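These notes open a run of structures that come right after.
Presented sequentially are two complexes of chain A, the first with chain B as partner and the second with chain C.
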Partner chain A sequence: MSNSEKNILFAMSAAPFWHCGRTITKNSMHYMIALMPAVFMAIWHWGIPALGVMSLSILVAMLTEELFTRVMHRTSTIADGTAAVSGLLLAFLMPANAPYWIVILAAFCAISLGKMAFGGYGANPVNTVLVGWAMVFVSFPVFMDPNSMLLQTDFIDPLVRLKYFGAEALQNASFTTSGLMFGEQIGALGASQILALLVGGLYLLARGVIRWEISLFFLIGVLLVAAILNEVDPSKYASPFFHLMTGSTILCAFFLATEFACAPDRSLGMILFGLTGGALLVIIRTYGVYTDGAPFAVMLANLLCPYFDMIKPKPFGVKK
Partner chain B sequence: MSFYKEFTKGLWNELPPFRLLLGLCPVLAVTKSAQNGLGMGVAVLFVLLLSNIIVSLVRDIIPKKVRIACFVTISATLVVAVELLMQAYTYPLYQQLGIFVPLIVVNCIILGRAEAFAAKNPVYLAVADGLGMGIGFTLSLTFLGSLREIIGAGTFFGVPVFGEYYQPFTMMIEAPGAFICLGCILGFMNYLNRIQSRRKGLAAHKNPTVCGSTCAQCGGCSKANLS
Partner chain C sequence: MRQRFQILNDPRFRLVYDEKRRFFEGPDPATLRLNIEHFKVADGIKKKTRVFPGMLLATHASLDKGDLHSPIYGIVSDINARSIFVDAVKREADDPVLEPRDFLEEGREGEELRWQMKEMGVNMRSLGQKVKTLIINGLNPDPGVTWAESILQTHANNLRHGMELQRRLTRADRIILAVPKGSTVSYDGVDIVYVEPEYPNSVNSVLIREVTGEENPPDIGAVGLHNLWSLGRVGTSGYPLMETVVTVGSATQWKNYIVKNGTSVGQLLTHAKVELNEGDTLLRGGPLRGECLDRLDRSISKGTVGLFVVEAGTVPPMEGHSPCVNCGACVQVCPAHLNPSTLSRYAEFANYNVCFQEHSPLCVECGLCGYVCIARRPVLQYIRLANAKIKQMQEFVYVDTEENASDETTEAKK
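Showing the complex of A and B:
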């Protein structure tokens, strides 16, 4: 017996056995690369204040993460870049000239309450970025509203037009499709750079960082509900493609709804998750108080995620 | 079982909202300001003390089978009295608290203390228990209310505490702020507990909902002995 114990042939271990070499740090790098076009577009449109907001948000997010790992006696995770990505995405949802204290507060709340309170990266039930965003957006609506903060630009806010003047006002408003694509609209500093975000999102899809099911079906959900509403009364409800090109739809579809920790991990779940988020987005925009409810739609879909995760395939070999 | 011991347990060891997590509905809903918290706390203190006394007086007369209905009737009577008193003397506060005053009837603390303590103990102990728990509840509500009011509105009992440049963090006086504050307070209480046990050289304190077989006094969970 002692002889056979020495020569163990079979080592027992649990799945997964195959590692593709991807790490959290590399994932964060991909996110950073994907967000770069939007960063440049934001700086081009809004200038140095936008750069200031983004830098401050990233800085505070990383410092908060470091502080909390120290307090919780954990290994420091500041170098894996997830806090930096959260900080940048958070800045993308803010107006370009948001006051510095709002940026600090939002980044601190996002990392402390949205991430570290639940145990760090991968344990959060709701998107980290959106927790911080929601807290300051609900508390300080005046400072977070790009429309009231960016009085000196020539651009207009298409969603405000839609909300308060109806879809007919959009016909004679002074924006074009290509203009909207290049971010010529009032909106959060990064979220309104539609084309740049689209490029970044496609890059992430191509690198396999995010799953196409969520993004595609998020957009389909938006188009579907908007098309139904538009079909009912075109003079009252905007066209479906208008919803794609305004507000933070693209940012939500590619960067926020796809956060790994709070999105389902099987195809059918992802499809339903995306459809729910997209449908909620248009419903909140049409019937809600806020002009752009896209991040709220993602948060609600995040909360439904555990239920989507219950949709499981039948295990191999089970008879029923 | 001395008067003093029964009185002090409600102030820290079995602090209703933050230790037993009882009566969370008013704790979360009415603590938008310190004043509301204090008013609600005093109302609960009044009902809790009197219901404890009455239940303890009639504990040998009530048949076991209908005791819950009797307790609810007693507390409902007292709540109506409180409601009428508040309408008469503190009408603005009554309007602020709204539906949560009648809801004291179904507050877990009232029934819990009646069932788990007053129905088994003589009057003087029931008084101590009701006073302790009620004062603990009032202090907790006032504390949570002042925390939320100071951060969320920049005032304390209506008096501004920060300069005029303070932008109130209104999230804190909305519903999510209550949950965030409560969560932070619970975490902090557990941390204090751990420090306390470490100083005494004991093992780390367990989750306070796993209460350590003091069910007879507590009644705070489904494991309580309800015979």
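Showing the complex of A and C:
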């Protein structure tokens, strides 16, 4: 049958008519795939309680988003998967046996104040996940401290060791580099699965979901400042690689600092943003009161993002 | 490299397609629909007039726009404000035949030649630019359009004629031919520069930057290979311009056709054996900068470079209101160093003044911003809207009432 005989209804659209195929939903799917190795490692190390925290966090995050879209008379965005990713990332920053009410509170705060209050996905000035995390972390430090929550384990918390016993105590502590990589340390349930997160992060980079400048220079920032301090006094300051393999450094470098809504858009801005975040991480760990400064470092860098965004080239053909 | 790795990893953006086939003949259309908006119908052309190939149908007052000639033997079936319709008929013995002319022999130059070529149907706007250096854009204009290599390699005679006529126009002091890197074409007496054949380098202003190293330099212009081919076509054939080269592209096939001016899109697609289905998107021009068609009786005109079908389901659908999520992909790919994400939002909320302050008129309209948008926003459309509004505001002092009035009457007639 020739075309003219059929009565065809065409889809109208606007140029360009080709598309790279990336959508918000697909990006969320890539995030989920990238986080899966860490999910398995977390369940491997911490068992069913870890699974419970992750499931509850995702559930509450999605329900909160649905609730707020209804209250705000907006079309439902629950299906794009961004809330689920936020929920899972939030769970990654919690101890495996965090009480259920704290998980609910954190997920609710993250989505309501960290995302919907600013108008939804992509409009938030500070990372959605970290808003929720910071609120409960500052309010209930004991429940959010993995070292005080996870008592039935043989692992130790390397950051607590560093903070309260000094860098020399790390030498004769019972952990190995490979052990740390495979998550044999006390820490937040997902954030401590270093190798799994690294694999996931590289997957996101390969898929073009996140920008390599931010991740790479975040890690460089960590290494640089830690190396300088370590050079000054190795007995007092830990080695730079120790900082990479503990706490939530890798999680922040690949999954949190790269959230593009609150990261700069151009190369130079992204490089400076990454360096700032990485440097702040080590500075907070060394001089601050918190053992793991990574999330706070990312939040501070997020707040500086508008200034990094001011670094831009002149428009096409504009001189002066 | 960064862009290729992360955002623009589409092999189709490499504008060299190794197309070696010659051009296919377009359909012999049963009816033609020739656009005559802003044209003046020639004397003696009315309903039932018998026309022959090369017969003048309508003239355009501007030197930039070529006059309109009938491409076939036929009878004018209808004339309205927008179009002339011609029904094809068999050639009869007493039908007049147009004698081909040799324009190089006739030896006109300068303004005289410019008028002559315009009267032969060639759009002279970009060909007749008054600049110091004119760069002929030898790249395929859009990804997916594949005729450039074939024109450069197999239509050498045509191109040589085009360039000779172009030289005799004496509007540009120097003419340069820009071809893809690795191309082996050479023409006597023509300066050739090699350009990385990567979209958006084929967009004229970006091409000028690639060749000269400067952004929007004064006194340098660019003209598409398509236009030069048209000029050369008139030069070699000696007849008025009545056809165009069109890439017809779909999921199943990819071919270049020489199509008669006024052929309807439906006839061309049937001829090319392209099956259409509900929900497909039909577009005229390049896949990144073209325009969407709603009906099969829209026609191919002299400036049409391509006709593409984007099958339903091959790209994520554009779903009305979709807010920007600040992902910054458009900012990264914009060759004009603009910020398409904020420009599109200013345009969305009618802040055209802010768009102007943020340099939206410098947009080169390559369409990459929309190509990478994960929220599927019509970013380029917003910027085009803003620029159109800015132009309106700038011209506000000289309200073109005649133009407005005629537009309204055409609207009313529809």
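One rule holds for everything that comes next: the second predicted complex is superposed on the first by the 302 of 320 C-alpha atoms of A that agree within 3 Å, B and C clash if a C-alpha of one lies under 4 Å from a C-alpha of the other, contacts with A are read in each partner's own complex, and residues count from 1 in each chain.
The rule we apply is simple: contacts are C-beta pairs under 8 Å (C-beta built on N, C-alpha and C of every residue); 3 or more make two chains touch, one makes a residue touch a chain.
These numbers come from a predicted model, not from an experiment.
Engineer: So, does A:Phe316 touch the first partner chain B, the second partner chain C, both, or neither?
Structural biologist: In the superposed model, A:Phe316 contacts chain C only, not chain B.
Engineer: In the superposed arrangement, does A:His73 touch chain B (first), chain C (second), both or neither?
Structural biologist: neither
Engineer: Looking at the overlay, does A:Asn27 come into contact with chain B only (first), chain C only (second), both, or neither?
Structural biologist: second
Engineer: In this superposition, which partner touches a larger number of chain A residues, chain B or chain C?
Structural biologist: C
Engineer: Touching A:Phe260, do we find chain B (first), chain C (second), both, or neither?
Structural biologist: In the superposed model, A:Phe260 contacts chain C only, not chain B.
Engineer: Taking the two structures together, which residues of chain A meet both chain B and chain C?
Structural biologist: none
Engineer: How about chain A: which of its residues touch chain C in the complex?
Structural biologist: Within the complex, chain A touches chain C at residues 2-4, 6, 8-24, 26-27, 119-123, 208, 211-212, 260-261, 263-267, 312-318.
Engineer: In the complex, go through chain B and note every residue touching chain A.
Structural biologist: 167-172, 174, 176, 180, 183
Engineer: List the residues on chain C that touch chain A in their complex, please.
Structural biologist: Within the complex, chain C contacts chain A at residues 2, 5-10, 12, 143-144, 205, 215-216, 266-267, 269-270, 274-283, 287-296, 308, 310, 312, 315-318, 323-329, 331-332, 335-339, 341, 359, 362, 364, 367-368, 370-376, 378, 380-381.
Engineer: Once bound in the complex, which stretches of chain A touch chain B?
Structural biologist: Where chain A meets chain B, its residues are 101, 105, 113, 117, 135-136, 138-140, 143.
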